[in-house]
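Read through the structures below before going on.
Across the two complexes that follow, subunit A remains constant while its partner is subunit B and subsequently subunit C.
And now, the complex of A and B:
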């Protein structure tokens, strides 16, 4: 693939502010001037003929060479023209690590930039709410993804435990929560007393000196002035005084309806959500840092544990990113088997969503049905990989194992009988009055808002945007399968349910087609650089033994370069971004986490709805905290 | 010694019309009641929580062991099941939940991450929840199969049957300051030492 013509257009428009451009693994990368990045990205988004209207990801890379500058990476995609573009900004280490925020252009950049700030210490000028997001606010060891940060942290383990326990939930009750409480009236006496004891507050002082401009509304208009700052008195005076304050309710991080360790701080006016502030990072496990210390094939077991609701799809996504980096073309049988793995994963992921969401809304029975079907997939998964959940199915250049005897028949039987269960769930839920009342019209997002928040997967399609990676950036020959992409029209919780429901049917169709066309042949490429020789050859043939030794001891070594590879998993666009410096361990392994980005739209969706509906809206996002926090 | 109905030596619940009194050891009765109606507090964080849900669902049916009543409030819970990894950010949360549970209480550490930190030997992860709260049963596996968890629960029941209510030290509340370490710092460091293959994975290139 050649250079993206946009680069030429950029050079004509911006001249010297466009730096070098190169093509790596088919992706066009263009370096731009750090001072002009916001202007350039806005131009790319809004200019007819370019229309890079979808911000896929923002991340940063630090190379092992200490002289090399840090890079901030903007992955863009044009939904109209189906063209990707990667824009980079270099930040030399001897200057302040600062760059303009792009939140005014894309709301979806909000959490992405906070994560880069948290992990790399890069400041985004003009960001409305630049705080740590994954680590806690008083975390004092530094920025974990920097190369000078040791894998196990700077402090001893006992010191880490002591500091972690010291960062008790009240002690770092976020400043914006405190300011909300303070703007109206004083804090409750017990909370004030506790904060004084913990040294957060001085006795007798008021707290909310910092006006927080947390952007919840559109186009960067901060909500805080509605109640805060100089306008406080007026805003309070306008509202009828029922003798009550706005109430702060804390939900989580240990709560059955938050689908994991998510913490929501909700400001309530009566029962109506005025503002919802998600706090994440309670399951931050340092996947991306760990990946930098492992060989490529050793990372595959880690990918099981990010989105543990669809492990096989994660395995496939990562292996394909490495294969893109190395330019490996996998075998036909392997392609079809990977399609089977991806679609099985989509089914179990949507099933658990359906079951747990039904529980949240008050229907227990669908949970038992969907778990029954999950167990049937688990049986197949276990026969294939040996594990129910942590599958580690793929290897670079192929698969860990071929399917066992009886697998095809078992999967056919599943495809035959699964629609019956679906029909039962359909009968119980789809036209159920309670279900409709609890889901319709809630948390609606328009297509424009959904794109602006960088949503993907069923969340985006329920809002009427027919973007599916399987159709729009096809991989594994998905373009040759006959299936439909369901699209909603209201963008509410009910439409998300319908979209996922239909995807379950479509996935079953894809599985049947894949089984029909499953060709014979090898599952692994014939390439001794990446695939281990058969055991008998390794024991008898000197050359095979050397390849075996080199691969086990040194690992797979992709050439210098970088690749971004997206797949469509149950949650949305799951991207793996890999940067290689020619060694066996990646310089950077970035997961583009679909549910992290989908969750970042929750404050927007929850606003103005009832507290009980917040639970339904949160459930509709289909988060999995292992992937949100990584 | 079991429950004797009406002094007849027959086991409880089998004789109709027998005298309505029983003799037994108090320890036996208390432990029998405690072991067979454990209310779990599912502290599910990651992958293990999915297997925990599978254990509670139809196929493995946790209700067979008197545990179907999930107690999402620690105030009404008996056994804290930590299912999944525990990052440092979550450490004060599990400590608080444990402190909020009334005695008698037990802890099951489900899976490799909860027990030792698992594959996550890095800056973010507590290397075993026993550095934060005391643990009764460790269930190995990544994640453990539902059968494994059930076996762990049966082991816990066995442990409970061996307890005595006269031994007050078993059920003493150790209310620590929220920030205090439960173990000596040297012990925490020693428990968190890298082991096995992970000691070789400290270099990134």
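And now, the complex of A and C:
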């Protein structure tokens, strides 16, 4: 694939501020001047003929060569023209690691930039709320994805415990909980006064473009922090927890409705959500860091554990990214099997979503119906991969195993009977007055807002944007399957429900077609660089044994380059971005986490709704904390 | 003490013991039924290990709960925290005292009880002159007593929510007080229509009137619907279980409770379910009356007594089943929707209904229609029209059917 013509347009418009441009694995990469990046990205988004209106991902890369500058990577996509573009900014290490924030252009950049800041220590100028996101606020060991950060961290476990115990809880909570920066001027006067008196905000300090113009009231005594519990006994006595107008309620990280270890700090006026601050990172495992120390095939078990509700799709996504990097064309049978794996994963993911959302809204019974169906898929998955959760189904260039005997019949049987259960759930929920009243009009996002927040998957489609990676950036021959993309009109919780419901039907259709066309043949490519020779050959044939040895000892070695490969999993666009320097271990492995980005829109969606609605909206995002936190 | 008084007291004590034992066994059974029926609805088995068909599961659970460690949050108000479960448990029990559960039992006894009754020789000469009414206390203000005592139940929940010192509990308690107060009004209003027709608040009289005429479910259909909705809200059952909404409030007011104190709330909930079911049967389905026959209304006999008790148990059981069925079918309302339904729909409808029924009754009496089956059927016709209007009024795309779109648009 040639160079994207946008590069030429950029050069004409911005001249010397556009650096070199290259094509790697079919992706066009253009380097731009660090001072002009916001202007350039805005131009790319808004200029007719370019319309890169969808910010897919922001991440950073640090190379193993300590002389090379850090790179901030902006992955863009034009939803209208279906063209991707990767824009990069180089940050030499001898200068301050600073770049302009693009949050004014895309709201979706908010959490992405925070993550880059957290992981690489790159400061985004003009970001409204640049705090750590995956690591905790007081984390003092540095920035984990930097190459000088050791894999095991800087501090021993005992030192970490010592620091955690020695830390003051106020220092840990106060700033983040009460950084009401963006809301300050909308708060009632007494509350503003209280915040100033508590020393959370200082009179005269600036918030955004405005100044805190408040003076401390008469009784300047220290008051109880509004979230309660952390103040001294005397302070609590002076202003009881429930005495204020607003109440701060902490939901999670241990809460039945947060779908994992998500923590939401919610400011309530009565039961109306004034503000909702999500806290994530409780399940952060550093998968991306771990990946840099592993061979490509060894990373596949890590992908199981990201979105653990659709592990097979993650396996496929990662393997496809490596194959793109290496330019491997997989076999026909493998393609169809991967489609089956992806669609099975989508069904599992959506079924869990449907059941748990129903529970969150109070309907318990559909939960068990959907889990019954999910169990049937899990049985098939178990027969194929030997595991229910940690499937590790794919290998670079092929699959871990072919499907077992009876699998096709089992899956056909499932496809035949599954719609019956769907119809039952449909009857119980879709036209149920209470269900409609509880979900319609909730957390509605317009198409523009959804795109601006970089949402993907059913969240984006419910808002009326028919973007589905399977249709718009086809892989695995998805363009040859006959299926439809459901889209909503109102972008509310009910539409998300309808969209996912229809996707279950469509996935069943795809599964049936895939079973019909499943060809015979090998599942692995015939390429000794990536696939182990059969054991019998390795034992008898000298050449095969050498390949076997090299495979096991050295692993797969892609050429120098980088590739971004998106697939559509149940949550949205799951991207794998790999940078290779020619060794067997990636320089950078980045997961574009759909539910992380979808979750970042939660505060906006929840504002002004009731507490019970917050739970429903949070459920509608369909998060998996393993993937949000990685 | 006269032999008559001794007989009366002995009978009263016996009735209390028997009824409350049966009642608590009933609670156990209902808990078992809930779990088995929900299992059936959800394609699973439910508890079936302890005892035959898992019947003793509640016993095992009770035992476990008694033996479990009890936790009291540091922030809790200890006295109220302890009182709250008791306060929610006792009214549910007391309520049952005024509900008649069978035809009178003819007992004639004059003399000294035999020695094997243990209390017999202690009492001396006693006289029991039947027929004995099958209700613990057939007090003249029966229904008012029920309204009064059932209102006390909310204190248990509010105090539990407040005294736990937890925000979730507090929100649950606040929700509960708002909900129960609003639906109590609708409940009371629905019952007033029964008064209008029965002309009496004693429950045995209410049953007697229904035996002569038709069951009030026919004569007061809309009143029955209002009563059922309000009763569901009163007992905090789905779709009105907002005080305990496990999704957002993590079971609300009893979040902080453990061991037997938690069990008390649990038992109180099911007691309330039974009591409300019994009330529905009594007020609208003729109590212990056996339909399509007047055999049970004649001279009291043991056979009639037994048949009517079984009949009453069946009717109560039907409503208990309805409670369970609804719970495992519907999602939960939101708080504002609940209040809207309570104040903007239930209350005005109930008020209007009272006026209408009073007018119709007055007109029928003026026209000289005999109180009897015909009278009831005329009212039934009026009610049918009202129910149609009520459901239509509720509808309008707001509550019952809100789904203008039922399937996502597809693009290829």
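The criterion applied here is as follows: the second predicted complex is superposed on the first by the 553 of 630 C-alpha atoms of A that agree within 3 Å, B and C clash if a C-alpha of one lies under 4 Å from a C-alpha of the other, contacts with A are read in each partner's own complex, and residues count from 1 in each chain.
The rule is simple: contacts are C-beta pairs under 8 Å (C-beta built on N, C-alpha and C of every residue); 3 or more make two chains touch, one makes a residue touch a chain.
Just so you know, these numbers come straight off a predicted model, no measurement behind them.
S.K.: Once the structures are superposed on A, label A:283 by its partner contacts, choosing first (subunit B), second (subunit C), both or neither.
M.R.: A:283: touches subunit B, not subunit C.
S.K.: Looking at A:256, would you say it contacts subunit B, subunit C, both, or neither? Reply first, second, both or neither.
M.R.: A:256: touches subunit B and subunit C.
S.K.: For A:476, decide between first (touching subunit B), second (touching subunit C), both and neither.
M.R.: neither
S.K.: May I ask you to decide whether A:422 touches subunit B, subunit C, both, or neither, giving the answer as first, second, both or neither?
M.R.: neither
S.K.: Applying the touch criterion given at the start, work out whether A:435 contacts subunit B, subunit C, both or neither, answering first, second, both or neither.
M.R.: Second partner only, subunit C.
S.K.: Report for A:626: first if it touches subunit B alone, second if subunit C alone, otherwise both or neither.
M.R.: In the superposition, A:626 touches subunit B alone.
S.K.: Scan A:150 for contacts with subunit B and subunit C and give back first, second, both or neither.
M.R.: Once the two structures are laid over each other on A, A:150 reaches subunit B alone.
S.K.: Using the touch definition from the top, say if A:368 reaches subunit B (first), subunit C (second), both or neither.
M.R.: Touch status of A:368: both partners.
S.K.: Just which bits of subunit A does subunit B share with subunit C as contact spots?
M.R.: Looking at subunit A, the two contact sets intersect at 255-256, 368, 372.
S.K.: With touch defined as at the start, can you tell me which subunit A residues reach subunit B in the complex?
M.R.: So the residues of subunit A in touch with subunit B come to 64, 135-136, 141, 144, 147, 149-153, 156-169, 253-256, 260-261, 281-286, 289-290, 292-294, 301-302, 304-305, 308-309, 352, 367-368, 371-372, 374-375, 378, 388-390, 581, 583, 585, 625-626, 629.
S.K.: Applying the document's contact rule, which stretches of subunit A touch subunit C when the two form their complex?
M.R.: Against subunit C, the touching part of subunit A is residues 228, 241-242, 247, 249, 251, 255-257, 271, 358-365, 368-369, 372, 428-438, 440, 462, 466, 484-489, 495, 498-499, 501-502, 506, 610-615.
S.K.: Mind pulling up the subunit C residues that touch subunit A in the complex?
M.R.: 38, 41-44, 167-168, 170-171, 238-239, 241-242, 245-248, 250, 328-337, 398-403, 405-412
S.K.: Sort out for me which residues of subunit B touch subunit A in the complex.
M.R.: Counting only subunit B, the residues touching subunit A are 42-47, 49-51, 53-54, 57-59, 70, 72, 84-85, 87-93, 95-97, 119-127, 131-132, 142-143, 145, 178-181, 185-186, 188-189, 191-192, 194, 201-205.
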